[in-house]
Amino acid sequence: MMLTVRDLAVSRGGVPVLEGVSFDLAPGRALVLRGPNGCGKTTTLRTVAGLQPPFEGTIEGAGERIAYAAHSDGLKSMLSVTENLRFWAQVFGTTDIAPALRDFDLEGLADRLAGNLSAGQKRRLGLARLMVTGRPVWVLDEPTVSLDTASVALFAAAVRRHLAEGGSALIATHIDLGIPEAEIFDMTPYKAAPRAAVQDEAFL
Amino acid sequence: MMPDLGKYAFAVLASYGVGLGLIVILVVASVLRARKVRAELEQIEQRSKRHG
Amino acid sequence: MSIWEYANPVKFIRTTDVVLPWISVAAVLCLATGLVWGFFFTPDDYRQGSTVKIFYLHVPAAMMAINAWAMMLVASLVWIVRRHHVSALAARAAAPVGATFTVIALATGALWGQPMWGTWWAWDPRLTSFLVLFLFYLGYMALWSAIENDDTAADLTSILCLVGSVFAILSRYAVLFWNQGLHQGASLSLDKQENVSDIFWYPALVCIAGFVLLFVALVFLRTQTEIRARRSRALLARERQA
Amino acid sequence: MIALLLRDLRLAVRAGGGFGLGLAFFLIVTVLVPFGVGPETGLLSRIAPGVLWIGALLACLLSLDRILALDWEDGSLDLLATAPLPMEGIVTVKALAHWLTTGLPLVLAAPLLGVLLSLPPGGYLWVMVSLAVGTPALSVIGTFGAALTVGLKRGGLLLSLLVLPLYVPTLIFGAEVARRGAEGLAVETPLLMLGGVSAGVIALLPFASAAVLRINLR
């Protein structure tokens, strides 16, 4: 099943920031969103993840198929690495957290409290969460922030395995991830014409 | 002219004082804010007309 | 031509601009007539003496304190269902008016209670209910001013108004239940129509009309103000964007 | 949902805040009351049910802003919103976790503090029963308040202002059950009312909380 986005416009604080965005994301494919800061990458991802309604346009094949990772990892510092992961596994109705620990090189840290991890280790744990959701479409917002080169490679390998298993990924990032099969989608041309926020329109 | 309020004079007069006082405060505050906001809006509208 | 046309801000301002002076004049006339009539030209009650004159302020204020909340509830529902901005702003505009009326009702009630009950404050169910109502007004206004995004504020305060209405009614019954044994007999209550002869009731009716008109005038004026403030913010936001 | 409940309970125990703070606050309020009103046993035993209820209510209020704010700050709330859990379920579980870590300990501690206030012997049972029936409503109402103020900086004070008026019916009926129980009067009517308020609140308010939370996450 494809993720199909047609004529999508997204708004931040009621102000449309992007419009006319259309793309398809087939199983096994990855799409990298590029664009300057503030162009609406995060907003687009939040919209695709269903956290906010689209301003215009349609999104199909999202909803319960999306695993979303934002800037914050949603980790509890008073829980151990395993406990954090197992919690999300239970929420998403899966059980096996061993592959996630292995793929993100967290096995040695399994019993450490998340609060005692370094920024990069926390990030790896946040990304490992994607694997325990069991969902096919990964929606990732700047996934490589605070990761070193080795960790980026780990992450890229995990994404490629996910793609090989028929999953797909929608990634907003600035750096080259080392995922050759990823297509680049430049968001700059879709910048919305300046206009008023919806909630202000009635007053202009 | 003034009616004889008897022993309750304080209660009655204070009630009218407090009641009317609060109404006057509310009305004055509403009118002042209305004026201020109206003036601000006119200023902004003038400016945006000049520019756009 | 439907009533919803008045939900357009411009149309609302234009219409209320026309009627506002008339309503204001009528409000002042009614209030002046009713209060002067009541204060100077009615006799004392044989039990309550001259404190019966407090009646002309207390009853209309208390009635409108509740009606203002009811109006906010209706306006909130209209906002939730039909998303008319004027409706949400009218609810916001009415809250301080309702809160002030609640304070007037409480203050005049306490001033009346001092000679009648021998104490400024009795935890009489009616007074207590109004105190709780006042707290609801405070919370509602505080929530409005705490949220930056106007539509979010309108959404959240509308839901608070709905939930608050249910709890206000619950509180009313809870308070009645809580103090049933201590309540003074109805003969000494301030707002029991049946104990009031026509000679007191007619000026009171004029005062009630005055308070209704005053409330409408103030809500119109304050809603206009809220609309203009929103328009200013919208224009400034557009300027910043350009 | 069970996973979420277990996680919240585990966090409350580990971070120490949930259990300890509320209970300690309850204790301190109860201890301060005799300092304020004097040590006379007759007076204390007369006001004990009400003081215990007020203390429990304030202790409950103290921890309300933690119900959702922590999950909001670390991003868990966004992630939970994309998880296969209904928002109504999330707020209900959050309220339940708050009750288990705050309300239930208060119910259990109330008899001990009743001793300090010379609560009449007949009162112990009814203070506990009324708190057991009433505190769940306090947690659910509090979750609604927490959902309203979740995105706000300095939302704590506003939260109290919004929630306290909503607590009035629960407090009145709850304290009335406790008072009548302590005085050996019939408690059926206020207990039924209290149960009715709690049941209604638990059944309906999560929908409002979920709606409010969705608006705030938007």
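A, B, C and D label the chains in the order they appear, each numbered from 1.
One rule holds in what follows: a residue touches a chain if its C-beta (ideal position, glycine included) is under 8 Å from a C-beta of that chain, and two chains touch if they have at least 3 such contacts.
Bear in mind the structure is a predicted one, so any value in this text is a computation, not a measurement.
Participant: With centres defined from CA atoms, tell me which chain sits nearest the overall protein centre.
Facilitator: So the chain sitting closest to the middle is D.
Participant: Could you tell me which pair, A-D or B-C, is linked by more C-beta pairs in contact?
Facilitator: More C-beta contacts join the chains of B-C.
Participant: Determine, using the mean of C-alpha atoms as each chain's centre, which chain is farthest from chain B.
Facilitator: Chain A.
Participant: So the centre of each chain is just the mean of its C-alpha atoms; given that, what is the distance between chain B and chain C in Å?
Facilitator: Once rounded, the distance between the two centres reads 15 Å.
Participant: Report the inter-chain centroid distance for chain A and chain B in whole angstrom, where each centroid is the mean of the CA atoms.
Facilitator: Centres of chain A and chain B (C-alpha means) sit 54 Å apart.
Participant: Measure off the straight-line distance from the CA centroid of chain A to the CA centroid of chain D, and report it in whole Å.
Facilitator: Spacing between the chain centres: roughly 37 Å.
Participant: Could you put a whole-Å number on the gap between the CA centroids of chain A and chain C?
Facilitator: Chain A and chain C have C-alpha centres separated by 50 Å.
Participant: Among the residues of chain A, pick out those that touch two or more other chains and give their numbers.
Facilitator: none
Participant: Two or more other chains in contact with one residue: find those residues in chain C.
Facilitator: 231, 235, 238, 242
Participant: What residues in chain D touch two or more of the other chains?
Facilitator: If we look for residues of chain D contacting two or more partner chains, we find 218.
Participant: Pairs of chains that touch, anyone?
Facilitator: Going through each pair of chains, those in contact are A-C, A-D, B-C, C-D.
Participant: Considering only the defined contacts, which chain D positions touch chain C in the complex?
Facilitator: Residues in contact with chain C: 144, 148-149, 152, 155, 158, 161-162, 164-166, 168-169, 172-173, 176, 189-190, 193, 197, 205, 208, 211-212, 215-216, 218.
Participant: Provide the residue numbers of chain A that touch chain C in the complex, in ascending order.
Facilitator: 13-15, 194-204
Participant: Within their complex, state which residues of chain C touch chain D.
Facilitator: 132, 135-136, 138-139, 142-143, 146-147, 152, 155-156, 159-160, 162-164, 167, 170-171, 173-175, 177-178
Participant: Going by the contact rule at the top, pick out the chain B residues touching chain C in the complex.
Facilitator: Contacts found on chain B: 1, 3-9, 11-12, 14-16, 18-20, 22-23, 25-27, 30-31, 33-34, 37-38, 40-41, 44-45, 47-48, 51-52.
Participant: Residues of chain C touching chain A in their complex?
Facilitator: Touching chain A from chain C are residues 8-9, 85, 149-151, 227, 230-231, 233-235, 237-238, 241-242.
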